[in-house]
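Sharing a structure, written as structure tokens. Questions coming.
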Amino acid sequence: MSARPAEHTTHITPLRVYLGIGATLLFLTGLTVWVSTIPLGEWNVIVALAIATVKASLVAFFFMHLYYDNKLYFLVFTAGILFLALFIGFTMVDTMRRDDLDPEVGKPIRDQAAMYDSLAAQPAMHGEHEGEPAAGQTDSSATPDSAAMHADSTAVPASGH
Amino acid sequence: MDTTSTMFLPQTGSTVAPGVDALFNFLLYLSAFFFLLITGLAIYFSIRFRRRKGEPARLTPNLTHNTALEIAWIVIPTILVGILFVWGFKGFLKLSVIPKDAMEIKVTGQKWFWSFSYPEGATSINELVVPAGKPIKLLMSSQDVIHSFYVPDFRIKHDVLPNRYSVAWFDAPEPGEHNLFCAEYCGTGHSTMIGKVKVLSEREYDDWLSTSVMSGEGMNPAEFGAKLYVSKTCVTCHSTDGRAMNGPTFQGIFGHEVTLSDGSKVTVDENYIRESVLNPQAKVVMGFQPIMPTFQGLLKDHEIDALIAFIKSLEKKDEESGE
Amino acid sequence: MAENVLPEHNYLKEPKGLKSWLLTVDHKRIGILYLIGISVAFLLGGVFALLIRLELLSPGATIMTADTYNKLFTLHGTVMIFLFIIPSIPAALGNFVLPLMIGAKDVAFPRLNLLSWYIYVIGTCIALTSIVLGGVDTGWTFYTPYSTQTTTQVISMTFGAFVLGFSSIFTGLNFIVTVHKLRAPGMTWFKMPLMVWALYATAIIQVLATPILGITLVLLILERLFAIGIFDPAMGGDPVLYQHFFWFYSHPAVYIMILPGMGIISELISTFSRKTIFGYRPIAFSSVAIALIGFLVWGHHMFVSGQSEVAAMVFSALTFFVAIPSAIKVFNWLTTLYKGQISFETPMLYALWFLCTFTIGGLTGLFLGTLSVDVHLHDTYFVVAHFHYVMVGGTVMALFGGLHYWWPKMFGRMYNETWGRISAVIIFVGFNLTFFPQFIMGSQGMPRRYFDYVPEYHSMHMASTVGSWVMAVGVIIMLHYLLSSLRKGEIAGNNPWGALSLEWTTTSPPSPHNFDEQPVITHGPHDYDKVIVERTIPPR
Amino acid sequence: MSDSTTHAAHLQHHFADAEQQRESAKLGMWVFLLTEILLFGGLFCAYTIYRAWYPDMFLNAHKALDVTMGGINTVVLITSSVTMALAIRYMQQDRRKQTIAMLSTTLVLAGVFLVIKYFEYMHKIHLGQLPGKYYTFTGIEGSNPHIFFSVYFLMTGLHGFHVIGGMGAIAWLLAKTRKGQFSSAYYTPIEMVGLYWHLVDMIWIFLFPLLYLIG
């Protein structure tokens, strides 16, 4: 791996590299779908993200030439990911630790938005599909009225009293 | 304990305030020192090394590094801010960790007043009444937007969020009265969302509790209504002199017809007033925003009756003045 | 002595015609176009500020209603921040001087540069539409759920800010590539003027932070339109999460505002004390350090917002950490004055004002980073005073200094030095009179964004309002002598200050292609210990 | 500096040589991609926070997405990335016809992606599995399932806009390639669009497992 290509020759990646990487990406796609069907608890998330990271790295290093190009581009790219990680990480230091001192401040007072009250009030609409949400459903009875109704419910949350 | 105010700080009204002030004053002296050092040197150098009239440009010394000096001005500030951080964090913990035996008062912020409900069942609006020398825990939430509960004399402040509880606490050792502000911008009435914290001695507090549910005994309903008009904050949005504020004036409306925002008309009678207090969004007078909060649970039946009597009395006055 | 006419080939005259200006890809002309834009925004925001101060002259309603007041402080904030101060030094002055300072013919992507100006204009128009439609009353922070509930024009204002973000991103992107790829032969990283380092650090923040503002404002608009439930508590969202999103951009944005100002001050102090910079590398690296650490301190805007205590602790610690590089800069500037040959033309006066007022702004920042003290000071006038000492006492003082410094380079003519000094003194006095009392009333407990106030604070408010008038007088004087110098000013010549960076080696105003010949770097930009270049007009 | 590759027709006056111009364009593009990562980053942050707050709801709600359609779309996008990379490779070898074929394939695959996405969206709209206040579906257990669909539509919607933008750029490249404006000496625009297209692919590589597989 050359840290910097010679001044004015451009690197031409061999065809078999592109095709090989492409095949690997497709294989990893199949793999991640397959793994997701095995219940591993928390590990499902970790494995899925690990495979996605490997796939993304292959794209970045070979399709986007980071492996051959000036290191500066790699730095720019990783800076983006680093600052995103810092953003999410620091935000979670707040969102996950709010109940450190007082358990009652950690959770919302109402854990369902007010619009679900009126959704529940019309159970006949989707009731029979409960439990099998993705099954090819044919009837949609979402009336425009009900949507408008939710729009109006500026939803004053439950009082502290 | 010295509770008087200084140039920079208001009086100290809570047990945590002196600790916060000590750190504030440390910061103040530290800042004053560095400010004087920096500007003093800048002025001295400016005078000492000024270019005199007609003096030709000359080469100046090549001073670019001084290891000792540079280490000093990295290390000393680092130590100082380290002290500030630890000291500030300790104080913050004191403000955040609520004593176990604290008495809990529920605080609700809404546009644009505060309401308080006490463990004994009493309620109050814009006036938090507490016994002296007893830790008070505030369990706060908002009905609409974010507000912030701020008592400068206590050095406490915490945002009050909709759909979430937040907490604060204080212990006011001496009886007295303190300003209560809303410190998070919340709209038209933000600057009127102010109240008082009344710290009473234990005995006065018990007296207050027993009489706090203002019964209106010994007053005629209109007088009692006039008191409620102020204490329940109708006054922030409704005038009695004909001026339109955030809401319509109370003067001369009783028995008259008003046009609602949907164009229909309604006569202002007992029922309409009662409905407007309990369900303000139902019939909004044309030209006004539907911003009034409900007073359901905050006003008792006989209190609403008294308010109605008060509004009626404004009607009479209006007729007498022969407008 | 300077010749008595402006150089024949200069970018102002060549090519001619309005169309050639509106379609220009010359970074100098785009800089001037930006300068016009930010001046209009500054005057507009300034008028809002004067109205706000007038209202606060006495308790109760003085000249307006509470709703009008709320809209005015919102417009003052949004106009000053998004339309004026963020593009001020980078896009207006930076565009003009950056390629000149590194010996380049232009920025890397001239057409993108022009596009970014047009995006600025379009974004401005969209934002100003909200004024025509009745104004916005959320404050420039657009906190949810207030911003999702209010009936005022939140969408057009936030969409305008969203569009303006792209302008800022493109400027930053352009500067990064320009500094990396277009430096003249021999212009190594450590021979760059410190202004370039500061602009480079600023550009890093612009490209890293602004996209988050973009997505935040999109989410806010969608929250208002469709109640998507990310930020609105009534829909299961979290308003404190909005604050994280908002401040992840808006705290680094504070450094977008101040870092280029620090760059200008480094140039001014070195030039006018005729001294090489003390601690060039510490100043350069501290710019980059501030840019990077500045991303990790946003939570100090949220100490009382309901964020977790452990987050507050982490953010407080990191906030103190970012104070160190700022302190290093101040000490380095101070030491640069030592054994110099200091003269006090208008730009240098502004640099000295900066040293004084930015120091106050920085030191009061320590109060606000200290957890327990911030609980008392948060959202009071103490905060208002603090950030005006940094933004006006820092950035605007630096902008005025830089404007006077490069004015003869931009237009080839000198402004009236006597009036320049008079107005600088008036602005300094007016500024301190306006904002120092706000520290006192703030720590006494006066909350910000109050239309009305309790009588205890009356005298402080009165002093502050009078100060705003003094400052306005200073700015009006400045406008007058600057504009009249365009026609009547003395011909400045290439190098009226005897400065050493590259922009002073070309003509004033420069030719359309900046340098007639590829500039050769023979000395560093601050080598006043090695080189004397005579001023083209004598010192006063 | 260099002189051999100078290509006067495409060299802008402020660059010293073609190499400097190409490197500038590339750095500019990478910085642009960085801003794209952070733009999507806000949505990834929202996803992470709400998933952590409502893990059960996310788990229940993600089952409403069709893994087969999502999987096919993943395959389609990865393939289009390969063809895009090949388009550049052929231009480096001055094989214009093959470049045109590869760009056309990329464009078609992008179209296929959007068509599949369209059917997925229509199905969701039909069921009322929509963002925010338009959510009317009642078959998902847990707190506030509308937030999952807000996040789903935001992330895939923003990604979809990027696919549409990419298609425009590829169509523009096709027109220019046909006119013979690129060669092995100058093909920077194809390279730049390629970088962008790979990023769009890369983002989908994360969206697919996060939304369809693990919720």
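A, B, C and D are the chain letters, set down in written order, and residue numbers restart from 1 in every chain.
Here is the rule we go by: a contact is a pair of C-beta atoms (placed from the backbone, for glycine too) under 8 Å apart; a residue touches a chain by one contact, two chains touch by 3 or more.
Since this is a predicted model, take the numbers as computed values, not measurements.
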Exercise. Chains shared as neighbours by chain A and chain C?
Worked result: B, D
Exercise. More C-beta pairs touching across which pair, A-B or B-C?
Worked result: B-C
Exercise. From the centre of chain B, which chain's CA centre is farthest?
Worked result: D
Problem set entry | Where chain A and chain B are represented by their mean Cα positions, the distance between them in whole Å | 41
For this session: Return the distance between the CA-based centres of chain B and chain D, expressed in whole Å.
Result: 50
Exercise. Quick one: chain B and chain C, Cα centre-to-centre, how many Å?
Worked result: 33
Seminar exercise, completed: Cα centroid separation, chain A vs chain D, in Å, comes to 15
Problem set entry | Of all residues in chain D, the ones touching two or more other chains | 23, 27, 31, 34-35, 37-38, 41, 45, 49, 133-134, 143-144, 146
For this session: Check each residue of chain A and list the ones that touch at least two other chains.
Result: 72, 79-80, 83, 87, 91, 95-96, 101, 105, 108, 111-113, 115, 150-151, 156-157
Seminar exercise, completed: Among chain C residues, those touching two or more other chains are 149, 180, 208, 212, 227, 229, 233-236, 238, 240-241, 306, 309
Problem set entry | All chain pairs that touch each other | A-B, A-C, A-D, B-C, C-D
For this session: Going by the contact rule at the top, pick out the chain A residues touching chain C in the complex.
Result: 72, 79-80, 83, 86-87, 90-91, 93-98, 100-101, 105, 108, 111-115, 150-151, 153-157
For this session: Spell out the part of chain C that touches chain B in their complex, as residue ranges.
Result: 66-67, 70, 137-139, 143, 145-146, 149-151, 233-234, 239-240, 273-280, 282, 303-306, 309, 312-313, 316-317, 320-321, 323-324, 327-328, 330-331, 334-335, 337-344, 352, 355-356, 359-360, 363-364, 366-367, 369-376, 378-380, 439-440, 443-445, 447-454, 498, 528-530, 532, 534-535, 539
For this session: Please give the residue numbers of chain C that touch chain A in the complex, ascending.
Result: 149, 180, 208, 212, 227, 229, 233-236, 238, 240-241, 244, 248, 295-296, 298-299, 302, 306-311, 314-315
Exercise. Which positions of chain B touch chain A when the two form their complex?
Worked result: 96-98, 106-108, 117, 139-141, 143-144, 162-167, 297
Problem set entry | chain A - residues contacting chain D, complex | 7-8, 10, 12-13, 15, 18-19, 21-22, 25-26, 29, 32-33, 36, 44-45, 48-49, 51-52, 55-56, 59-60, 62-64, 69-70, 72-73, 76-77, 79-81, 83-84, 87-88, 91-92, 95-96, 111-113, 115-116, 119-120, 123, 125-127, 129-134, 137, 140, 142, 146-147, 150-151
